[in-house]
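Scroll down for the structure; my scribbles are underneath it.
We just call them A, B, C and D in the order they show up, numbering each chain from 1.
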Amino acid sequence: MSEKTSSVHYINYLALDKVLDAQHPISDKGKGAAHEEMLFIIIHQTYELWFKQILHEIQSAMDLFKADKIDESNIGIIVRRMDRVNKIMTTLVGQLDILETMTSLDFLDFRHHLSPASGFQSHQFRKLEVMLGLKIKKRHQFGGCPYHAQFEGKKKEEILELEENNSLFSLIEKWLERIPFLKMEGFDFISKYEGAVNEMLEKEIAGIKAANLTDEDRALRIRMIEENKKYFERVLSEDEHNKAMEDGETTLSYKATMSALLINLYRDQPILHLPYQFLRSLVELDHKIATWRFRHVQMVEKMLGQKIGTGGSSGQGYLKQTVDKHKLFTDLANISTLMISRSYLPELPKNIKDTLGFNYTK
Amino acid sequence: MSEKTSSVHYINYLALDKVLDAQHPISDKGKGAAHEEMLFIIIHQTYELWFKQILHEIQSAMDLFKADKIDESNIGIIVRRMDRVNKIMTTLVGQLDILETMTSLDFLDFRHHLSPASGFQSHQFRKLEVMLGLKIKKRHQFGGCPYHAQFEGKKKEEILELEENNSLFSLIEKWLERIPFLKMEGFDFISKYEGAVNEMLEKEIAGIKAANLTDEDRALRIRMIEENKKYFERVLSEDEHNKAMEDGETTLSYKATMSALLINLYRDQPILHLPYQFLRSLVELDHKIATWRFRHVQMVEKMLGQKIGTGGSSGQGYLKQTVDKHKLFTDLANISTLMISRSYLPELPKNIKDTLGFNYTK
Amino acid sequence: MSEKTSSVHYINYLALDKVLDAQHPISDKGKGAAHEEMLFIIIHQTYELWFKQILHEIQSAMDLFKADKIDESNIGIIVRRMDRVNKIMTTLVGQLDILETMTSLDFLDFRHHLSPASGFQSHQFRKLEVMLGLKIKKRHQFGGCPYHAQFEGKKKEEILELEENNSLFSLIEKWLERIPFLKMEGFDFISKYEGAVNEMLEKEIAGIKAANLTDEDRALRIRMIEENKKYFERVLSEDEHNKAMEDGETTLSYKATMSALLINLYRDQPILHLPYQFLRSLVELDHKIATWRFRHVQMVEKMLGQKIGTGGSSGQGYLKQTVDKHKLFTDLANISTLMISRSYLPELPKNIKDTLGFNYTK
Amino acid sequence: MSEKTSSVHYINYLALDKVLDAQHPISDKGKGAAHEEMLFIIIHQTYELWFKQILHEIQSAMDLFKADKIDESNIGIIVRRMDRVNKIMTTLVGQLDILETMTSLDFLDFRHHLSPASGFQSHQFRKLEVMLGLKIKKRHQFGGCPYHAQFEGKKKEEILELEENNSLFSLIEKWLERIPFLKMEGFDFISKYEGAVNEMLEKEIAGIKAANLTDEDRALRIRMIEENKKYFERVLSEDEHNKAMEDGETTLSYKATMSALLINLYRDQPILHLPYQFLRSLVELDHKIATWRFRHVQMVEKMLGQKIGTGGSSGQGYLKQTVDKHKLFTDLANISTLMISRSYLPELPKNIKDTLGFNYTK
């Protein structure tokens, strides 16, 4: 197999002459080359390559959601792509172990050359945050400037434009709102669910009253259940929900939240299984990004202690703040708070069950 | 190979009849057995088995440190055991993925049976925290009671006694204080180091002044270096250090801190290499325990949302607090803040270098 | 929360007094306790606990498949449980890293006590192999005795009985045979597929003829495609398939194989998505068990070199043979050989597509 | 921080405009872009970036070994770099999980464009094999041509030249031969060791004779020990060793093998600890590369079944052969066969112990 033939050669196909010629350690130019600078460059390049792949997947999911009517078979495709994104995130977290073989002393051999280049300047990672749905007002401010101030020209415009457009979050919200199962022929999900919750809580209170407990213990537990009750009431009230949205305590609309709850509760119904997997993959992604930030903080701590990061930033402080603050799908994770045991779950009427099943097995 | 012979059979050696007969799901007794309760029991049992192994390793490291004179070859043994503990922690973090295959709905099938059993009642994990050096005053308070209130009789006594004894932290502190390299024949480490730091900072300031920067940028960077300077001065002053200890800002003694710094800076000297690996393994352990807590919080969030944990605890809230607060070796991690580039590192005199080398190669 | 109350305490619920009192290193009895024996015992116990959990999941999947008519919603449940089994396998492979911190020298400190206990005596792992479908005639013989000779009494009977019963493999085969999509109202899958394959191969040959290749290259590639053609013909012929089964080259029946092919090709149809995930999870399990065996061989090599294993076995040799030989779902993996590009895939008629879709979206 | 300043910006420093502009899916040019081709390109690019990093580390280790007299402190540096290489290998194995999210059907969407590009054409991976020490005569032949036939011009010359030069294997062999501990003032390692082995084997035989065993069992075990004895004799004889080298059964010279044995047995002596870590890291690397090949075979099996790989190769078959055959440090792994329990280990005389210790603690 000759390179001369017109057919594709591995090296050309992968543009390796370009990719493998893109490592230019600055320390090489001075007297003593710093052995570890190569690692610093290469690991950042692999991060950026993977970010490109993640953007490719998220963009494709968004495109599929933008369709007026979502083909059910697309949910399967989206689930598989989200699974891929999560597996990439697992690698991104895991490969921090490689970077951590570079110690503080190794880093100091070339760190002064870098100033002020900084990992916070990753344009792709900012894009990812915006595409997922992070709004500028929700961002942790860093050094008194809006985060896009570090970009210029086309790169800045791109970010600003993305801010205006649909995000994955907003597309999912609309999709959840459109799902038509909240009210079906003679089945009003919310009122059925509310009834089940009340039955459950009353039974729990009766159980506690009958149990062999100290007075103190009994009072404590009944108080806990009453707090639970209030929580359920607040969540199920559309007015309260809208108020919470105005106060910035919650982001997902009432209707979308109820649909997400229904999907979680009735996930064993064939038509809801893939939507359930999808919602779960979003919470997973949120957690994996948070874990990546968290481990990143640890890595910086090992490398720099409390020193100020390259780019003049107290990297650690900033990163630490974003671990929780930049999470996007907390409202979906919180659906778990509303779950009730299968034994209380309102049985679906036969006609509804059929509607949620396959034609074939009808 | 017959079970009847006197020789050892795998099943007996591992006491498997005992270990594999220790799973008694409560939900099995009622009408509907909850399929996932088995997983809940088994994963907790594997956690406890691994905790036992970790305690075995930490105890052995403590025993070796308790010796009046530490045999240098023991440091190699301790390094290998710490490496093992860290590999166990990697497994403990990783296997949370298994538990997360149990969803909220699955958990609710048997959760009501458990109350008030709670993961916070792991006696071995409390022991581990205390043995590593976590002091009761540093602990995040949970529900208004001291943490040992949940234990009784012998188990409580054991914890209280451990609180009084040497911890791994205190043993390491003493070992670091005993290391005799801070002042050696004509080499005063601290003053040499101080000189090197000042030289470095002055050169940095000169560099900034010469650079093509905006006035604002230049002022910002010089201010940063001046803050660095103050930081170094504060850390190197024994008085300031003692004050910081009184204020609870730092825990490790001045002398131990200086020894740890020396080990980190001159880790390439043969005699210091294993001590360096050891100090690093402690920071690693701290980070791995923190990561385990962090991922634990995420797992509880997926399972329960904002619901209150078994045992009446807001598990998530408690766990979240301990992620940072229960870290023990932050002072060792912060040594990184004091590192200076090899190009500024004071050259060791020949006689000192020999002292830190091997006999053979002298 | 007192241990005295009637409520459940963590320690009791998990039977920890039993589980944590089941480690009895033999070397402790003699003069020098071998520090690493504890690790050896504990890691084997965690393996056995996880084997119990895997058996629990596989048994539950088999029970669901035994039902005369499989409820479609059960496939979703089975997929989740297989996913759990695979995550457990990931942990079992990963935690070999812990055992590998024990070196040859450490192991020799207590190895002589163990003889002839051997990891090959894991009754649960043998059960797992049999339940998945490993037949005694397919097993790699070890030391001239049937593998169950090492068990006695009830344990031996249990294994022999399992050999007679349905395995997961045989249940899946029946389920695949029952799936009713091979011939549907005017759609004969096999003949449609055969047509598509031929179209594809002809196009490939035309492409090669038109390409700018050396004569040698062209001849080589055409030969490759002709071999492919023969392969497809052989596989699609029921007679040839049955002959291959008799010769032991393939295990899965013709009808089941065709159903598996259909599921793989049309996996994007809603009704086939979960069956597809399920089939894939079986190949995954096969691969993970093989990886575990493979890494096990490496671990033994590190620990013992070419020494003979405990239990008088040349462990390495035996294990090495089983890596490939004990795989069970190779026929499912080989479905990939039969895949054709989506562009050649016969379009499903509208009525069939509806049949494979959801009621709701009809 | 403006891109206009002379200072370094993250994007420029990492040459991201080059790296992120090097993905050109061929399927994009035709009618239907294949979504998964991007993943295929990007993951291969990350593999190549990591190969470059591994080559950087191996080259640096070789350079340090080439020095006439190896500075002891360099072994510590080499150990850290080998540890890094092994962590990279862990990532390379782990990220196969990402590629496996691409299914057979996805791959077929663009596979025909690639022909005959093939992963076997990775120039860097071939270089790595040669630099580690893989000789062309030991290679598994593929398709009847020498492996370097697929390269041309400068790339081919580079490989051929590397074949002629020192490999890591040959450098390590020389280093082991130079280590001066086999004969030290009144301590002849080999004869001491031989005596210890004989004592051990005699004691084992006596133990078996005294044990309560069936005649058959006893005979079996005594036979095993006699085989062990022969094995030891063969290994310790320099003549037999040289014969085994001629027959291609072993590669490492007699003297180097004896030094490696000494290091493994007396690894707790301070001066031998890092050499021991180093030898172990080589076995680790061998195993990790083998695991990567093994998992690679599985991945290809999932993707293509028994289909022929891109590049006209039966990839699976070739890869399968290399898993074991391309291992390089088997002789080091086999040292484990020669280990004897610490209780039989000849005590080092005081003067030797001092020689292997630190000056300071003398």
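Methods note: contacts are C-beta pairs under 8 Å (C-beta built on N, C-alpha and C of every residue); 3 or more make two chains touch, one makes a residue touch a chain.
All figures in this text were calculated on a predicted structure; none of them were measured in a lab.
Shared contacts of subunit A and subunit B, meaning chains that touch the two of them, come down to C, D.
Counting C-beta pairs in contact across A-C and across A-D shows that the higher total falls to A-D. The chain with its C-alpha centre at the largest distance from the centre of subunit A is D.
Computed from the mean C-alpha positions, the centre of subunit A lies at a distance of 32 Å from the centre of subunit C. A separation of 29 Å divides the Cα centre of subunit C from that of subunit D. One inter-chain figure worth recording: subunit A and subunit D are separated by 38 Å, centre to centre, where each centre is the mean of the chain's CA atoms. The set of subunit A residues touching two or more other chains comprises 7, 267, 312.
Of all residues in subunit C, only 1-4, 7-16, 18-24, 26, 35, 38-39, 41-46, 48-50, 52-53, 56, 60, 80, 83-84, 87-88, 90-91, 94-95, 97-98, 101-102, 113-119, 121-124, 150, 152, 311-312 touch subunit B in the complex they form. Subunit B contributes residues 32, 103-105, 108-109, 111-112, 204, 207, 220-221, 224, 228, 231, 264-265, 267, 280, 283, 287, 290-291, 294-295, 298, 301-308, 312, 333-343 to its touches with subunit A in the complex. Those residues of subunit C whose C-beta lies close enough to touch subunit A in the complex are 1, 5-7, 72-73, 76-77, 180, 211-214, 217, 267-271, 273-274, 354-362.
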